[in-house]
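Shared between the two complexes below is subunit A, which pairs with subunit B and subunit C, respectively.
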Partner chain A sequence: MAELLVEVESVTKTYRLGGRLARKPPTVAVGGVSVAIAAGESVGVVGESGSGKSTLAGIICGLVRPDSGSVRVAGREVYARRGLDRTIWRTVQMVFQDPYTSLNPAMTVAEIVAEPSRLWHGMDRREADRRALELLDRVGLSAGAAQSRPDSLSGGQRQRASIARALAVSPSLVVLDESVSALDVSVQAQILQLLLDLRRENDLAYMLISHDISVIRLVCDRILVMNGGEVVEELLSAGLTEEAARHPYTRRLLSAVPTMAVDRQG
Partner chain B sequence: MADAQAVLRVTGLTVELDRQGGSTPLVTDVSFAIGRGEMVGMVGESGSGKSLTASAVAGVLPRGVRPAGGAIEVDGAVDGGATGPATRRAARRGVAMVFQNPMTSLNPSMRVGDQVAEAIRLRRPGTSRREARRAAVEALDRVEITRPAERARQYPFEFSGGMRQRVMIAIAIAGEPSVLVADEPTTALDVTVQRGVMDLLDRLRLDLGLAVLFVSHDLALVGERCDRLLVMYAGELVESGVTADVLRRPSHPYVRALQQCTPEHALAVGALRPLPGRVPQAGEVRSGCRFTPRCALRTEECERDHPALETRGSGHLVRCHHARGSEE
Partner chain C sequence: MTEVVATGRPRSTGILAGLGVTRALALGFVLVCLAVAVAVPFLPLGEPNRQHLGDTLASYSAEHLLGTDQLGRDLLARLLWGTRTSLFAALTAIAVATAVGLPFGMLAGYRRGWVEAATGRVADVILTVPALVLLLTVHAALRSGITGQMVTLGVVFAPRIYRVVRTETVKVATLPYLMAGRMSGCSHTRILLRYLLPGIRAQSLVQVSYLLGLSLLIEAGISFLGVGVESPNASLGTMLSGAAAMLASAPRVVLIPAAVLSLLILSLNVIGDIESKGERRG
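Up next, the complex of A and B:
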């Protein structure tokens, strides 16, 4: 067994919707989930909205304290009793679903992407800037876009800037929450290729949350299927067919995927 | 398609962005027609002009952007050129639009049923409130929202993404349009929910004889659902034709490259083939073929001459000096 990067043990998180005074019963977002991710592994997560995918991602990344259970990243307890272990952000980075609220509007894209290199790796300004431009180029953002502020970029450009910012930390694991599904296929292909390359070059592990099962099958070896806050099925990408899936949601998901070449005359 | 029965006919549509000291073309000379009950897909990357073409058809172009030429004809009423305000209004009224994000298009503080009723009363001003409310419940039922009478009294936040998009469709068809423009209506939805909404659109266009212009960046989805495809690049049409012709035997190198970028294609051949470069921005448009810098087949001719949209088989149009014919 390769060294485990992330060990999540039976974590549970419940939310009270509508505040404490609401009469609604608390919602179990994640109920007793255990996941292990080894260095250089690629894990895909699928599930309907509300199945707990994003909450699980937040728990793994040190952003959502679970009600119970434990999370260890590189052997260190993330949610220790004395407080959050912030050093885990050197190891784990997250790219959020919404590229509109996750970038500092007062900085240029190049500054945003250079910041982690200075903060986490002690690079001087010139070195950090050079690395930022290199990363922005790898996600397909031009030098012009690099000098812009986030609000003058399109949604797809911002999403790519967020991905570059997360990678600038040189994390061992990056968690991408629906970060590629709304991108143009050309840009999406570029980002997916980058993930595959970084995995090969730097042993980067990634966890990709997406409703696009084709994307997940393409770049992930292992697929977790979530439903009702639980991991209901775990599959291998290789040779995945509708018949191989046992859970009804997985079957529905696989059969709902549009197929490219359909003979409409036939 | 039989052009004679086209419900929507767009001819030579040009859209421009007004700027100080001049204007920049964003969409150039786009022509197409959609027949009754037909669903036509419009695809291309961001910046290709697909959403602007759709917005021009629906008459909802953003501020500072205006139609600078061409005509949009809906059920024989023409908007554009020298037409008067009455025919222009008639053409407008024939078109309804559904957007990508149903949360920001619905009024969060108004009951869902009242929002549908409002659309009905706009279409038929004499309708009483009670009658409009009853018709709204019927409309919600038609978009397959269960317990429509009860749901009509709820607010948008009580609806899931897929259900909200169904409400938007109910509002769109309440105006009894002949053309429905759907701009990425399922992009924000889960695939299983997407399938339900697409099935609904399919059924409605057949039941009501709607001409649907379906804008999407998802080639696989469009390939599965649309009769014909229009592919846009840098503000102009580069290929159009029957879906099977365009996707099975793509003639334009751009369409082939786009297809090779899809995860479905990569899974089939075992390798990703990213398309290098990006769509030229407004104002960066070159003199020759607009796809030249990214094209694997480029020659001197491409640098020099802007190719025309030419027929390569029945109903199959391609804008490329090196196009493959669909009948080879």
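Up next, the complex of A and C:
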């Protein structure tokens, strides 16, 4: 088995809505989930809204402190002390869901993408700028787009910029939290193709979160099905059919995927 | 669909985009007043405090372009020097209010928790103090002059800036791009300066612009009462108090400084409008 990048052991996160004194019972966002992601692996997490997938992503990325359980990234405990081990961001990066709020509107795209090189890798400005332009070129953004601010870019362009920003850190794992869900289907397909290409080139591991199982099937080797804050089933993407799924929830998900029956005879 | 909306969105080209005539005039007037305030010592004006008692309430002439006041002082010189004094006094108050309110507001909105609780309580306490009463007390106790009064006013205004800044910071702080910045390796300080500050600038400037107008009004008010700028020095407030009795006989002496003061305050409020429109569009 390849080296484990991320080891999540029985993490739990509950949210109390309406403050500590509210009489409502706390909502269990993630209840006792364990996940392991190996280097270079591509794992998909599928589930409907409220199934805890985004919370799980936040926990893995060091953005949400779990109530219990442990998270190790590259062998280091993420939430060991009261603070957070920031160095995990050298290993794990995230591309957020909403392309309109995940880039600093006050910086140019090139500045945003150059920042990780300077801050994590200690490059000087010129070196970092050159690398930013290379990365932006790789994700399909022109030099013109690089010099503009995010508000003049389309959703697809912004998501490409976000991917370039994450790659600038040279991470081992990129967590994509519904990163293509807000995009047009045609743009979605382009971005997914980009993700597949980048993975081949950079030996990246992905954790792709989506409510759309067809998106996940395209990119991921392994699929975790979440429902009600728990991983209810784990499947291999290859040769996945409705019959292969044992859990009724997974079956429902698979049967909900529209299939196109093309009649080539006429 | 998102795609289409995004590309169709016009690029904002800064503060002057879509600036109407009214707003252009307001901005122009404030800028002219600021320019005059800075340039006044270099202008070929008469001594603003020299009295010509034989030539009181003189009308417009080549020697006195706006005439003279009730003590025969050149009205134009007094108006320009008075605008300078009033604007600088108001700017002092705003500088103090911003220097205190902005950093505490940003910290409170960013860190939340006990920082917000502690600074928030202090702000609440200061807000309960009526500005005018405090200014009268400070004047009576310290006699620190207009600068002292304006620093005091700045402290009284600090909670207002603090509150706006804190609210805006809380709003911006939940946006994912701050998380992305943290993951890019930004320290908290860098996040505050390069990510949060630009995001809260527009709304904070609205408040600053409004408070600047209010400071001008308060300066005029306390100078009128004799607890701000001291006679014979000119400020828009002292010019009004000295000439108030002339309203019937020589309305010009009152109305000109009053008009400048009103226009300045009006313009500052209109500029605040531009800023908030810019925010909504952005």
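Everything that follows uses one rule, which is that the second predicted complex is superposed on the first by the 253 of 266 C-alpha atoms of A that agree within 3 Å, B and C clash if a C-alpha of one lies under 4 Å from a C-alpha of the other, contacts with A are read in each partner's own complex, and residues count from 1 in each chain.
Operating definition for what follows: contacts are C-beta pairs under 8 Å (C-beta built on N, C-alpha and C of every residue); 3 or more make two chains touch, one makes a residue touch a chain.
A quick note: this is a predicted structure, and the numbers were derived from the prediction, not measured.
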By the touch definition at the top of the document, which applies to A:E3: first (subunit B), second (subunit C), both, or neither? neither
Mind working out whether A:E243 is in touch with subunit B, subunit C, both or neither, as first, second, both or neither? neither
Is A:D184 contacted by the first partner subunit B, the second partner subunit C, both or neither? both
Should A:Q193 be classified as contacting the first partner (subunit B), the second (subunit C), both, or neither? first
Give one of first, second, both or neither to describe whether A:G156 is in contact with subunit B, with subunit C, with both, or with none. both
Partner chain(s) touched by A:H211 [first = subunit B, second = subunit C, both, neither]: first
Identify the partner contact of A:G140: answer first if only subunit B is touched, second if only subunit C is, both if each is, neither if none is. first
Examine A:E201 and indicate which partner it touches, taking first as subunit B and second as subunit C; both and neither are also allowed. neither
Taking the superposition as given, does A:A106 touch the first partner, subunit B, the second, subunit C, both, or neither? second
Interface residues of subunit A shared by subunit B and subunit C, listed 154, 156, 182, 184, 187
In their shared complex, at which residues does subunit A touch subunit B? 48-49, 140, 142, 154, 156, 182, 184-190, 192-193, 196, 211-215, 217-218, 249, 252-253, 256-265
Which subunit A residues qualify as touching subunit C in the complex? 61, 63, 86, 89, 93-94, 96-107, 112, 115-116, 118-120, 151-156, 162, 165-166, 168-169, 182-184, 187
Could you list, by residue number, the parts of subunit B that touch subunit A in their complex? 45-47, 160-161, 187-195, 217-221, 223-225, 227, 242-244, 247-248, 257-259, 261-267, 272-275, 278
Show me the residue ranges of subunit C that touch subunit A in the complex, using the header's touch definition. 1-3, 6-7, 9, 11-12, 175-177, 179-186, 194-195, 198-199, 282
